[in-house]
Amino acid sequence: MSMEKSAVLEADVPSDPSAPRPAARGSLTLQNRSVFSAVLFLILVLFWVFGWLRGATFGDLLSLTIWGIMLGGIIALGAIGLTLVYGVLKFPNFAHGELVTIGAYCAFGIMGMLPQGPALRPFSFGWELIAAMILALPIVAAVALVVDRVLFYPLRRRNASLVLFAMASLAGTFFLRSVIYLIWGSDFHFYYPGRANPALHLPFGIRVQADQIFIFVLAIILVGLVYLLLEHSRMGKAMRATANNPDLAQVRGINTERVIAWTWVIGGALAAAGGVMYALASQLRPEMGFFLLLPIFAAAIMGGVGSPIGALVGAIIIGIAEQLSASFLNPAYGPAVAFLLMIVVLVIQPQGLFGQSGK
Amino acid sequence: MDNMPLLKVDSVSAGYGDSEILHGVSMEVREGEIVSIIGPNGAGKSTLMKTIFGLLHPRQGTIHLRDKDISHHSPYQIVGLGMCYVPQVANVFTELTVEENLEMGAFLLKNANMDERKERVYELFPRLKERRRQRAGKMSGGERQMVAMGSALMLDPTLVLMDEPSAGLSPKMVELIFERIEHINKSGGPAILIVEQNAQLSLQMAHRGYVLAAGENRFEGTGQDLLNDPEVGRLYLGG
Amino acid sequence: MDQVQLARASLVAIPLILLALLILPGRKAVRLPLSIILGIVVALGLAWGMKSGNLTYMMSFSTMAMIYAILSLGLNSQWGLSGHVNFGVAGFFAIGAFTSALVTTTMPIGALAAYSQQAFGLGQPFLVGVLAAGIVSAILGYLVSIPVLRLRTDFLAIATLGIAEIVRLIFQNERWLANGPQPLRGIPQPLFCLVDKPGCSWAPHWLIAWLQPLGPRDYSFVYSMIVAVILAVIYVLLERISRSPWGRVQRAVRDEENSAAMSGKPVTFYRIESFVVGSFIMGIGGAIYAHYVVSIDYSHFNPLFATFIVWVMLMLGGSGNNKGAILGAFVVWAVWTGAQSLVDLISPALSLISPDLPSRSAYFRWMLVAILLAAIVLYKPEGLIKERKRVSDFMKGSAKD
């Protein structure tokens, strides 16, 4: 009896069937990946055609595409944090949207305490917003750490099932959201109520706000920093190692709890930056994080869970798709478009554009 | 020092959940030895490895590394004491390059003479140097085994546990890997505790061996003795 | 005891009898008469002893709790039975509610048509609406399950959450469908004639005379009776199903997908079936909700909240256990409604902290339920009632030894 059992247990890690033929697998993945990229590209082209059929001008469509890239920047800030946490901890953190919201509101609260300077033209905001954002980053990182300690750490110790992690993140979502409601109420807020934010007129009839450009550049800089961190720092490599194979990471002497803590810090700080940018582009409201949640998940999954570069690329594709769809669909359906793209990804290539192929 | 074994497993029982797999296993590894554990499928070889390395904790009995009781240490602490482990499967970080895999092997050292350590591994496995920028997931099974062994050697351990290093490899690659293991051990390297299906080969190399069956020790002796023992041969060596 | 109390007691008795049947142990021959007697006695006691306002409140409370119990049962037949993580309960809830509303209402005419739009209004009876709600919701469940059920658990959770959000977006934005952002009003209340003058045309004379002292304010008594019967039917059917060979296969699929596949069972097909069954039940829950509140709009079906609270109910009660699902719904709904009075109580103290706080105090309830869920997940993940290991009925005797 015990012999039988132990045989089963020892065989619980089947040897990697793909191992003996790495070359074949590599080319197959590559092929899938290019087909997949082509499908995504085709969808975006189709969106252009739909928009054009509905009477949108070339300039309109180009503007929408560029706005989409900018929106992608915001989505990316949320998606990168999500994908890191997802990669290392292996569960979908539904509370990530609330980290975005808290970031936006924290900056809002801090701004209320700072003196308001003139706008940094051509942008619509002043130094105080930048300062408030920078101060909000560590606060949200700390919130993320506390949530992890209280909710997820005990589950990790128990080796709890994925569903319990997801439920715990749902509990976290509602707790954090109730805090936001209690402190700031359910009304909309603006960082700069009533301040004009004229669009710049660029060649080809493109209209873009300076703020949007700022948002995108900031997103790119932050993504770049995360990339450098992951590729070249000791902690970053340990983070990738832990995401890739948590058991082996332990065997190699990596303190995985510290890696997890850093993952939350980075994820929380990026979410906070994303929240501030999102609120700057639209408005502050308690559900803003939830509105971003689907696009964030869609981007993270499209890019491949655990891959920050993938999350950026996914976010830009999702952003463009959402904005372009507004040329032929009610703009309210933006999140639905993001979601449908995500389903396409899950059905064609669940590991995403840059996902781990070895598993 | 001469009398104290490097690793001493003293009547250890361990298992998962309701089922106990090891029933009072005892064994030891002395400084500089290669010790091989053989036994049929399901004898508890891998479980023993995991228990020694702190991935599982014994229910009864103790495990000592030199004079330190490590029965309830976590892997992270055990690595710090100079014991490294090469798991049978999933033993490389597939998404990391070869070089990064090696660096993770010495994660505890915070970059101290990292390059020198890497060079030493590259000397053992020149093929890894050629491919040091390649992702480990793109390599063949044998190359992965080299990466896994190299990572375990990065810390200059006193004892390396190897779980079925020959599994899934071509005969030629098995020969190469075993030759390297012997070489590492002979050139003043660590003691090696190896668990193998390929009993013949591993006993030839080993100073001593244990035969494990149904979670208990059955035979023990020098590698040659076990190879020559008719009963061991009949039962476990397929001859 | 006056005539009004007696009439109310007769309506209260039916849910109570069903409740007694659910919780009393023992053989059927003993249980049934005992339950009837107990139900009638307690009903008389309640009608006589409680203030009429409190009794009405209790009935509307239990009506809502029973509606949630239906949703919770629906979720249980997906999660408890087969391990599907459906984070889109709200979507199926909404589909059911709107379907039944469209099937049972008539098209608005005259001046009303300018304010209210809907795709169609069939003017069918309540039960047709409920059944249609279940069927449409089941069809949605089926369509969703084809691409989505093959996914990993975590992806399934995300995908179903997305579906709930799309359903909400559609009902919010498509005015032609069900009046878009405006509420869809005038959803008929079944058997309303029982408490209205001159009484139901089909009812026998004695019944009209018996219920004659009741007025429209007493409708919640009638409706809670209807909901209780529907809940009981669903419960009994689910229990049957879960003891049947089909139910055992479902659990086998849940616990050991590989071995079920190896023993030659079409796993995907089974998985789809249980998802569809759950969707059907959730759709019915939605329909019953719509006929209770009379006027519905998209905001009733907040994709996270409606899903979240049903999950809390199921987790608290004990996944995999139908009794637990019902118990959880009552407990959580009691916490949810009870918390409001608690918050009202402390609101003077809150106003000392900040003048804005009392107006936002409703969100303390969110916090409370969130903490409740976290506590369940952390300290009692198996819920109040554990899942029983079930064997088929004829094996029960031999399984004891």
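For clarity, chains are labelled A, B and C in written order, and residue numbers in each chain start from 1.
Rule of thumb we're sticking to: a residue touches a chain if its C-beta (ideal position, glycine included) is under 8 Å from a C-beta of that chain, and two chains touch if they have at least 3 such contacts.
Every value quoted in this text rests on a predicted model; they were computed, and no experiment measured them.
Annotation of chain A and chain B: not jointly contacted by any chain, touch as defined at the top.
Averaging the CA coordinates per chain and comparing them to the mean over all protein CA atoms picks out A as nearest. In this assembly, the chain whose C-alpha centre lies farthest from chain C is B.
Between chain A and chain B the centroid-to-centroid distance comes to 41 Å (mean Cα coordinates, whole Å). Per-chain CA centroids place chain B at a distance of 57 Å from chain C. We define each chain's centre as the mean of its Cα atoms; on that basis chain A and chain C are separated by 35 Å.
Residue ranges of chain A in contact with chain B, taken from their complex: 2-7, 9-10, 13-16, 19-20, 22, 26, 234, 237-238, 240-241, 243-245, 247-255, 306, 356-359.
For chain A in complex with chain C, the touching residues are 90-92, 94, 150-151, 154-155, 160, 162-164, 166-168, 170-175, 177-179, 181-182, 185-186, 290, 293-294, 297, 301, 330, 332-333, 335-336, 339, 342-343, 346-347, 350. Remark: chain C residues 79, 85, 87, 147-148, 151-155, 157-159, 161-163, 165-166, 169, 172-173, 304-305, 308, 311, 315, 356-357, 359-360, 363-364, 366-367, 369-371, 373-374, 377-378, 381 touch chain A in the complex. Remark: chain B residues 15-16, 19-21, 41-47, 53, 55, 74-76, 79-80, 85, 87-96, 100, 103-105, 107-108, 110-111, 137-141, 144, 151, 155, 167-168, 214-215 touch chain A in the complex.
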